[in-house]
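The chains carry the letters A, B, C and D, assigned in the order they are written, with residues numbered from 1 in each.
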Amino acid sequence: MVHEALLEVADDCLVLGHRLSEWCGHAPMLEEDLALPNMALDLIGAARGLYARAGEIEGRGRGEDDFAYFRGEREYRNCLLVERPNGDFAATMLRQLYFAAFMEPYWRAAMSSADEALRGIAGKAVKEVAYHVRHAGEWVIRLGDGTEESAARLARAVDALHRYTGELFESSLAARAAEAAGVLPVRAEIYADWDRLIGTVFAEARLTLPDGVHMQSGGRAGLHGEDLGHLLAEMQSVARVHRGAVW
Amino acid sequence: EEFLAAFQARIDAEEKIEPKDAMPEGYRRTLVRQIGQHAHSEIVGMLPEGNWITRAPSLKRKAVLLAKVQDEAGHGLYLYCAAETLGVTRDEMTEELLAGKAKYSSIFNYPTLTWADIGAIGWLVDGAAIMNQIPLCRCSFGPYARAMIRICKEESFHQRQGFEIMLTLCRGTEAQRAMAQDALDRWWWPSLMMFGPHDADSPHTEQSMTWKIKRFTNDELRQKFIDATVPQAEYLGLTVPDPELRWDETLNEGRGGYRHGSIDWDEFWRVVEGEGPMARDRIAARKKAWDDGAWVREAALAHAAKRAARNVAAE
Amino acid sequence: EEFLAAFQARIDAEEKIEPKDAMPEGYRRTLVRQIGQHAHSEIVGMLPEGNWITRAPSLKRKAVLLAKVQDEAGHGLYLYCAAETLGVTRDEMTEELLAGKAKYSSIFNYPTLTWADIGAIGWLVDGAAIMNQIPLCRCSFGPYARAMIRICKEESFHQRQGFEIMLTLCRGTEAQRAMAQDALDRWWWPSLMMFGPHDADSPHTEQSMTWKIKRFTNDELRQKFIDATVPQAEYLGLTVPDPELRWDETLNEGRGGYRHGSIDWDEFWRVVEGEGPMARDRIAARKKAWDDGAWVREAALAHAAKRAARNVAAE
Amino acid sequence: MVHEALLEVADDCLVLGHRLSEWCGHAPMLEEDLALPNMALDLIGAARGLYARAGEIEGRGRGEDDFAYFRGEREYRNCLLVERPNGDFAATMLRQLYFAAFMEPYWRAAMSSADEALRGIAGKAVKEVAYHVRHAGEWVIRLGDGTEESAARLARAVDALHRYTGELFESSLAARAAEAAGVLPVRAEIYADWDRLIGTVFAEARLTLPDGVHMQSGGRAGLHGEDLGHLLAEMQSVARVHRGAVW
């Protein structure tokens, strides 16, 4: 059970890292061609640590690439937020803010995990994610309080993405087991910090927090949208053709 | 006349020329063109490798490739900054690139067709780039020389990573070895072309060498590259796709070197003139990124202006 | 009053009502809404299946799926034409759909997650659609009835193809069987919901039945569907995901039938009200196609106008 | 050799059919949601016949799905034209016209092939492709002589795609062997018909034929652009995961 809870977090990081990496060479300015891969690298790095630890706990000899390249879309356990297509730069930055604003307090809490390996992963990730919060938060403010067009695009992004934030605070059975064992932080308890941070950024960005949004979930049960399958088909294409090869 | 002589004397004394120094217009123009082309090459060079980030066959390779492409964006940034010290803006240079007026390294107009191309590009293309660039660390123009020192360090790291990808493929399955050989077959000749035309057909070389912007001729650098690379191919167990390649101990002042078959200069000029297989796709991709990003850049400027106005008002 | 009675007499005599006939406004409005919804369902229904055309695992399946999705476009076309006979244009109906004002079958707001979903949709979703649609072939409104005859023929072909995909999976590898069971698990309950709320919660049913737009109640059709489908699942060796499902010989006037567990009506209403997992993506995809195609439609009109003008000039 | 020449034609048909199928559900009008899959079906049907015949000639037991799903991008032999991304509707229709205007006389000539199976495939395909020529040709005329925007888009499509038409008339070594054996028509001999048809349509569409375009080729040697690999990764994703399964 505990290893499955780690896979949920790992899948979140990998899928979002992959999405960010799709921007590579196509960002709106050169500075973002540096910043986006930078965040992608942090996320993929965290995913690798988590997969490795999940594999050890599982004890069936699976490693990071087994988890990443040889599970299908029904086996991936990421939340729906991270698999949403990049959309425009406003959507990408808002998605990043939503996720990072959750992960920062989450990693901070995980620094006192009962699992030593996890404490190590969290200690590294917490510093990285602080930059993600800052970077994405600054962009959300710039776009929200920029031009009419940027504000409209950002508002559309909120309308499209807010419904996927509720799932961040839901714990699956596996997550609850890991939380009970003191290995992972309790997701619901992160909400206050997240809400405060998002509230602050939205105020500065002159954005209104949407109200009464029906939250979507399903990712932890492998009930994804239709985009993840395409992402995985591409991501796994070489590895699957050369099953067993070393790279 | 006097100024030119004094300037040349500084160059000959290996003094660094700095942006605020007076310099001949030709020197400035040559540098703007060369540094700009170099910067554009880094930017366009992100695309062929970027094409495999989403398909990298292991998480480790995915991370390494992402970091490499990120480095290239960084190199582009240093180089645009170096060019800006000569009075041209990054936006101007970008507009020139997107209008098809500025050149960049032709090698990036070839497609990456398999994962092994990522290895081959690191090994061969970065390898050739380093041969070209190491002498530039001693270039007479200070900002360019300093940018190159930093870039060369990272490039040689990339080159080792590329070689390591090739090595892993060559020690892997039969399909992986075939993929590696295929990549070498496709990238070898374009890599040799990276050094430019033969010295006899390279009219600017002499002036650039006098100004110590360039330190070796195209053919000298190409020979160095071949001599360094052929043994590496042998180590990998791969065949260099040049049936005329052979060791000649009379080369390199008796130290020996490899004679190579003749380069297809028709292909070279065709690609230089913008008919490389991916040329239009590369510019289209950069143009799309630039155009799609216009509203983001405008929003950032608008926000900065608002913020500045508010700060003034608050004072 | 007299008109209504005469109209009802024609209906009761099983006469077909044709577009040029006088008809009560409520009858017209009910039909416009129902035919429009039906047409929209065909159009939106192209998306979940279209999602697998590019990944169909054999060329034969790819061709069959393409043909099926093409048929759906054709059904949409017939139905829009039938609705147009009642004085509403296709463009108006499309704008309503894209504005989120018109409904379509909620089932298409669930995602297709594996190839087996293509089998399950054909088998279950088309199966349920046919149950709903066969009585519509005898609908009192002529154009709708005639469109349905043609549609039902193709739908039952699709349903057989869907079942055949499931059969092939169930006779295939373990992974394929698991994929088939997973698809049944996810599509079973949404398929039962396709028949709408229980009769007691379906206020329009009575009027629609009097007008012979509808011939059976929601619960009657749902029961027919379950009774037909459970044995098919057994034949496939799959388990229907309803632990309360059991044979009851007292049902169907002593002919027997299956009792089923209770339907999650909360989920039903949530999805009907536009909160299905793919609801926003579906409308966004259709809106994008419509908006991106605006210049094409304008060009076609402009060309037709130019051509007409030239013909007039030539006369 | 001869079977490799058939694979070239089959790959052209499959890849273009796949590209057209990407439009499914996203066409600019409902009529095109019928027409585009219709052409895709014709092309995929022709590809299946050609793969089957190529497999028989090769005599190693390979069937249509082996060729379609288990060759990589370096083994695909389609010309570059058909793999170009769909772009907008103008680009899709122009690509279709360029290809169909070649295939119509090609299939007509193939009706007197020395190979009986090929005569059968050609006899069916020639009727289908006549519709493709008509449909795409009418659209090119409508768009070229429609609005300012449609004319500009079409002109951009010509600028982007014309350079890929030269390859249609080049015969690889394999094709030359099949041509010498009387199995396939000589590609270069199709040019006059193609040029006449394109000239007629372009005149009605008020388009100027570009001049002095440097033609791109490479597809017959497996030297594709970077888009084909992504197309194949997606197309083959399910089949490759379940190697050996029957569908």
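As a working rule, a contact is a pair of C-beta atoms (placed from the backbone, for glycine too) under 8 Å apart; a residue touches a chain by one contact, two chains touch by 3 or more.
The model shown is predicted, which means the values in this text are computed figures rather than measured ones.
Q: So the centre of each chain is just the mean of its C-alpha atoms; given that, what is the distance between chain A and chain D in Å?
A: Spacing between the chain centres: roughly 41 Å.
Q: Please compute the C-alpha centroid of chain C, do the same for chain D, then give the distance between them in whole Å.
A: 34
Q: Listing for chain B: what residues touch at least two other chains?
A: Chain B, residues with two or more chain partners: 55.
Q: Quick check on chain D: which residues sit in contact with 2+ other chains?
A: Within chain D, residues 72, 233-234, 237 contact more than one other chain.
Q: Chain contact graph: line, ring, star, complete or other?
A: Per interface graph, the chains form some other shape.
Q: Determine which chains touch and list them pairwise.
A: Every pair of chains meeting the touch criterion: A-B, A-C, A-D, B-D, C-D.
Q: Which residues of chain B touch chain A in their complex?
A: That would be residues 43, 46-47, 50, 53-63, 66-67, 69-70, 73-74, 76-77, 80, 90, 115, 165, 168, 172-173, 175-176, 285, 288-290, 292-300, 302-303, 306 of chain B.
Q: With touch defined as at the start, can you tell me which chain B residues reach chain D in the complex?
A: Against chain D, chain B makes touches at 48, 51, 55, 111-114, 182, 186, 270, 275, 277-278, 280-281.
Q: Touching residues of chain A toward chain C in the complex: what are they?
A: Going by the criterion above, the answer is residues 72-74, 160, 214, 216, 218, 222-226, 229, 233.
Q: Inside the complex, what are the residues of chain D that reach chain C?
A: By the definition above, chain D touches chain C via 14, 18, 21-22, 24-31, 33-34, 37-38, 40-41, 44-45, 47-48, 51, 64-65, 68-69, 88-89, 141-143, 145-147, 149-150, 153, 234-235, 237-239, 242, 244-247.
Q: Residue numbers of chain A touching chain D in their complex, please.
A: Touching chain D: residues 72, 230, 233-234, 236-237, 240-241 of chain A.
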